[in-house]
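Next come two complexes, and both contain chain A; in the first it sits with chain B, in the second with chain C.
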Partner chain A sequence: MTASSGASQTTQGQSGPFWGRAAVRRNLNAYAFILPFMVLFAVFNIGPFFWALWLSLLRGDLVDQVKPFVGYQNYVSLTTDSITLKVFLNSLQYTVSVVPIAVVTALALAFLIGNKLVRFKDFYRAVVFFPLLASAAATAQIWSYILAPRYGVLTYLLGLVGVPEIYWLSDPDWALYGILLVEWWRGIGFHIILFLAAMLGVPEELHEAARIDGANAWQVATRVTIPLMRPVILFSVVMGTIWAFQLFDTVFVLTNGGPVHATATIVWYIYNHAFRYGQVGMAAAMGVVLLLIIMPISYVQMKVLGER
Partner chain B sequence: MATGTGLSRRSFLVRTATVAGAATLGAGMAACAPAVPGATDEGGDAPAMEVVTLTMWKGPHKAAGDETKLCAQPTIDVLEEMHPEISVDFSEVPWGQYNEKFTAAFAADQGPDVSYQTESFPRFVNAGHIMPLDDMIASSGFERTFFYERAWGPGTYDGTTYSLPWIIGGSNLFWNKDLFEQAGHDPDTPPETVDDFVSIAQDITALEEDVYGFATHPKGWHENGQWPRRFGGHWFNDDLTECIVNSEEAYEGWHFFNSLFHDLEVAMPGAISGQEPGVGGYFRDNKVGMITAQNVFANSVRSEKPDFRLGAARMATGPAEGARGRACYGGVGMLAIAAKTAYPDESWTVVETLVSPDLLTSWIGCLGFMSVSPHVNFYPDDEVLTVAQTTLEYTFFWPYRGWIFKFWDIEGTSIESFVLGQRTVEEAVEDMVEQVNDMLREEEGA
Partner chain C sequence: MTPIDLRRDWRKRLRILPQAVVVYVLLALLVIIMLGPYLYIFSSSFKETYTLISIPPQIIPEQFVWDNYTYILSELPFSLWFFNTILVAVLVTVGTVLIDALAAYAFAKKEFWGRDVLFGLMLATIMIPGALLLIPAFLITNWLGLLNSYGGLIIPALANVLGVFLLRQFMQTIPEELEHAARIDGCTDFGVFWRIIMPLSAPALATLSIVVFTSQWNNLVWPLVVLNDKDLYTLPLGLALLRSEFQVNYGITSAAAFLSVVPLLIVFLFLQRYFLEGLTVGAVKG
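Now for the complex of A and B:
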């Protein structure tokens, strides 16, 4: 053993092979601490994942005691079902709309709230975060009245500035944007809180140095603050994308996928197959396809946004 | 390494894990141990009566207000007095969670002992989760003629009776007497034919810019799907293997319905009626002259707007002969028993008692539904609801099949697409028929 390797062993504590009887014995305490989590993770994540994979190869209702094996037939059926394509396109359209809008507006609002001139910051933090704490079903119900055509508050306010009546939830051309508006309101607090925390982590001396070098506020924000917030922005974009693809409850309450499937999303369709249509195999197959969509998108986002 | 307490870190971990494991196991075993009926010690020398607790789930019908408080619990209290050996643990399961909760419960063999079932109940029958009742009906001497004959149909599947009729929901024509008067029509005379219907609707629509003669939800599958029937069309062939709602007669109905929105323009645009406050809300607010709705709607109007002058009658007739010409939605809500209940006899007692005249009246009559029995009149002194009861002969039940939800989604979305002007009637109907027939073939092959 060389001196340097000895020093390394001293500074890093117990190193050496991770597996093997001796290693297990050496790390027993660590294993004991992570065991509860690993058990729960296996029971509630890994197990259901493989169960869903298996279900996607079966046909029948969730309540059926015997479900015949049909191989990849459910995956073939997905390609011939016209509504499946529609729900995947809806989910995609919704995701590419809501994620950039939510992240950019949240960033702007975070800068606004984080500004030194703004007082009562904690109050604003609480206000923007509140929608996330409220029940999705309850807030969706409230929004259904806000967005109502004749009596809705939003319709009234827009009417004051001359905007004609918009059928936010019942016009197929507008309904997805009605849902987007509600979800933007619900989710933006999460992004703002993250960004505010990240902004606090940017050393003040870097801001000062930039100002001394003659940078204006916009340049400080775009050249110093935002680049240093990149890991948090990346997290925000990835989580926003995953949540967008998983959109369900607001759609379920506000439009139930309508009008004419304009707001039908993947998870809404999975729910219907699993619990209303008695086709759990199709539901599981869609779930697997959704995973296959989210995984590469998240990977690409991490690669692109994670690059320095 | 020993610590000051004489307990090594390893020993501590091992002991903690052992104690936690034992506690968990003990708690689990206690939770899994079967409850002893009537185990509660009441004291005294008298032997404790064995009380069996049965679970009962039902979807809420809130037109009369809080169903559990006003209708269900008072009825259950009477039932428990009549049968002190039975306790009913009643839960209202919201309709939004109905399918997932029942599916999950039956999939885990944890379904409620007694449940309220609707059109999709063959899903659970096919999977062996609902108990056949023919033997119990025969051995208990239950008189089948107590119910309307057709009320038995929905709960009978492949020749076996799986449930007792409990609720009959049916739709009627409701109208706003004030708007009738303002439009120059007799407020007490409903339209006799669809031509009269259009004439009155036109006069009401002419009253004000945002008032319409008629309204329906664009995706209202119960109500909108009746129009082809009123013109002589049929949805399915006799053995339910083919959708035939694209016949010539059916198309007459579809085109007539479409014209109410796009040619005659007497119907509230679907984009408005499809959002809050909805068809019922606009009707109550004097923005709509006529609607078709389930008869429980009458209670809802009365509770929210007591002064509203409400008219109710059978729907105006279309060209089809007899009852079909006035076709309206109808459905039977039923009481079923879980096949795996530990207490089949007690469950039967509950079901049989709940359909007895007094309890039927105190729960289902309280909700404002029609009676499932010709021997029970819920509303002898109520003119509107008595009329509603007579509309039973015009109601048409949807098929009671496991695929009904998928069918309703296809139907509702297709109709909605031409009501909202997204497709022509022909495009929507042909696509709908194709989708439904694909679904039926798939079911047949399953």
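Now for the complex of A and C:
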């Protein structure tokens, strides 16, 4: 399409000098509009992308002027590094826990708010949005007090129903789940609001028809409503997975990867190796591995976004 | 209404009463879980040091004191962090919306060589995790001499691909006739953009503004790597610092966390619609 219209324009303005031709001017005009964006995009997105790939083949500190080329050595080191495996397992364990928990609870809560008996749905929508507004740093502060051992309010409330004291953030067996709890609170509203919108968009006649055919509420939900929500649920799972693999802020503020690397995630590894331990190459190599994990998942996100 | 109707209505209500009770009990629980933590740190921000660690915990402190607030406002550069956060978030928002809108207009309404290739390339970069770009983006910012400055916080954040994507989609729905009419009236290309396209795109611009503002307000990683000087810190970075310096002084951290969230809560109450729309852009949660 572009080629054919470009050709016709060129014949029209052929007589003048190159810069005076209509097609050329039209193109230059359009480029003027995208120029500010493209310059910044090239300098801070495209450039860094290729530089990051290159850095993963080098060794050195952030401030080193000359970083020696070591080939794929960093990738080999990743496989022998003692905490790499821990970091992968943590990120994987966290992702496969938080995504299903968030999606299933959000679905249940969306059904609760979407219930026909519930009035003022906007109020509940606003309520579940509130946690999304706080920064990870503020959320971490809020929850560090709630999760504190002994005098923490959650410890107290759980104690009332006979649950023994849990060291949410300092017990290596629990710390990842402490983080998960905080992140669940922070992110659940996203899924609930998406599900609610999709659910309320399902035509009432479909529910009526199913009910007339003798379906009970559970059957209407699982056979009619949820199948119709499939694209939205897919989007939720994809976004949840992308965020889960990139978990950093909450970990950085609450536990800084500890205790004994129990909450060390992929991005935590990248940040520390680049900005603390002076191992830029290792950090970049880990970044490339993260890219390889995220890319196929993100591809689905892009497809979904492109369809809308 | 006839009495019979009333009785029927009453019977129906009685029949669904158990279900209604269950639904509303669960909803009350949901409200407590979602809002409780905010209310709890709000009340805790008025606690004295010893009531902070009392067992059982005091949901509402026996005595309200302002000490925590006076401390963070007088002893810490908290008001400076507040100012920095507002400045950076506002400038990034205005800049991003302008730069993205210019590009989106070209991608939506103009034909030019390489348009589809460029747009495909932009979309593809959505797949790149931010952590991979962190190191080279830091090195470039350093090379440009922008480390430890407002510019270093603002400039690298200005090109937002999702913003172009969102605005382009909206601008494509604006009818061509309006542009033609304006051109006949003697509008230049930029005039069409500024006088026709921008005003008509207001809802999409508002949504993008909210998304960008929120993510800047809450951004932790970029300020963390770019800033050294405590006086340039933004709120999330300041909060992270407090966490390491005041481990167990929850009164101070509660007051700081609460103050950092309040502005967004207020904006949210007035502009809910745009927050809800911005959610699906997929950028609200950093």
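Here, the second predicted complex is superposed on the first by the 247 of 308 C-alpha atoms of A that agree within 3 Å, B and C clash if a C-alpha of one lies under 4 Å from a C-alpha of the other, contacts with A are read in each partner's own complex, and residues count from 1 in each chain.
Heads up, the rule we're going with is that contacts are C-beta pairs under 8 Å (C-beta built on N, C-alpha and C of every residue); 3 or more make two chains touch, one makes a residue touch a chain.
These numbers come from a predicted model, not from an experiment.
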{"item": "First, second, both or neither for A:L78, with chain B first and chain C second", "value": "neither"}
{"item": "Which superposed partner A:F252 touches (first chain B, second chain C, both, neither)", "value": "both"}
{"item": "Partner chain(s) touched by A:L40 [first = chain B, second = chain C, both, neither]", "value": "second"}
{"item": "Chain B versus chain C as contact partner of A:L181, first or second or both or neither", "value": "neither"}
{"item": "First (chain B), second (chain C), both or neither touched by A:Q301", "value": "second"}
{"item": "A:N29 touches, of chain B and chain C: first, second, both or neither?", "value": "both"}
{"item": "If touched residues of chain A are counted for chain B and for chain C, the larger one", "value": "C"}
{"item": "Which of chain B and chain C A:G60 touches, first, second, both or neither", "value": "first"}
{"item": "Which superposed partner A:D171 touches (first chain B, second chain C, both, neither)", "value": "first"}
{"item": "Contacts of A:Y277 with chain B and chain C, given as first, second, both or neither", "value": "first"}
{"item": "Touching both chain C and chain B, counted on chain A across the two superposed complexes", "value": "29, 62, 137, 144-145, 148, 150-152, 252-253, 271, 274-275"}
{"item": "Complex contact set, residues of chain C against chain A", "value": "16, 19-20, 23, 26-27, 30-31, 33-35, 37-38, 40-41, 44, 52-57, 59, 99-100, 102-103, 105-107, 110-113, 115-116, 118, 121-140, 155-156, 158-159, 161, 164-165, 169, 189, 193, 214, 217-221, 224-225, 235-237, 239-240, 242-243, 248, 250, 253-254, 256-257, 260-261, 264-265, 268-269, 272, 275-276, 279-280, 282, 284-286"}
{"item": "Footprint of chain A on chain B - complex, ascending", "value": "9-10, 13, 17, 96, 99-100, 103-104, 106-107, 120, 123-124, 126-129, 210, 218-219, 270-272, 274-277, 282, 402-403, 405-406, 409, 412-413, 416-417, 420, 422, 446"}
{"item": "Complex contacts: residues of chain A adjacent to chain B", "value": "28-29, 32, 59-65, 137, 144-145, 147-152, 167-172, 252-253, 258-261, 271-272, 274-278"}
{"item": "Parts of chain A lying in touch with chain C, wherever the complex brings them together", "value": "1-2, 5-6, 26-27, 29-31, 33-34, 36-38, 40-41, 43-49, 51-52, 55, 62, 109, 112-113, 115, 117-118, 122, 124-138, 140-146, 148, 150-153, 156, 185-187, 189-190, 193-194, 239, 243, 245-246, 248-249, 252-254, 266-267, 270-271, 274-275, 280, 283-284, 287-288, 290-291, 294-295, 298-299, 301-302, 305-306, 308"}
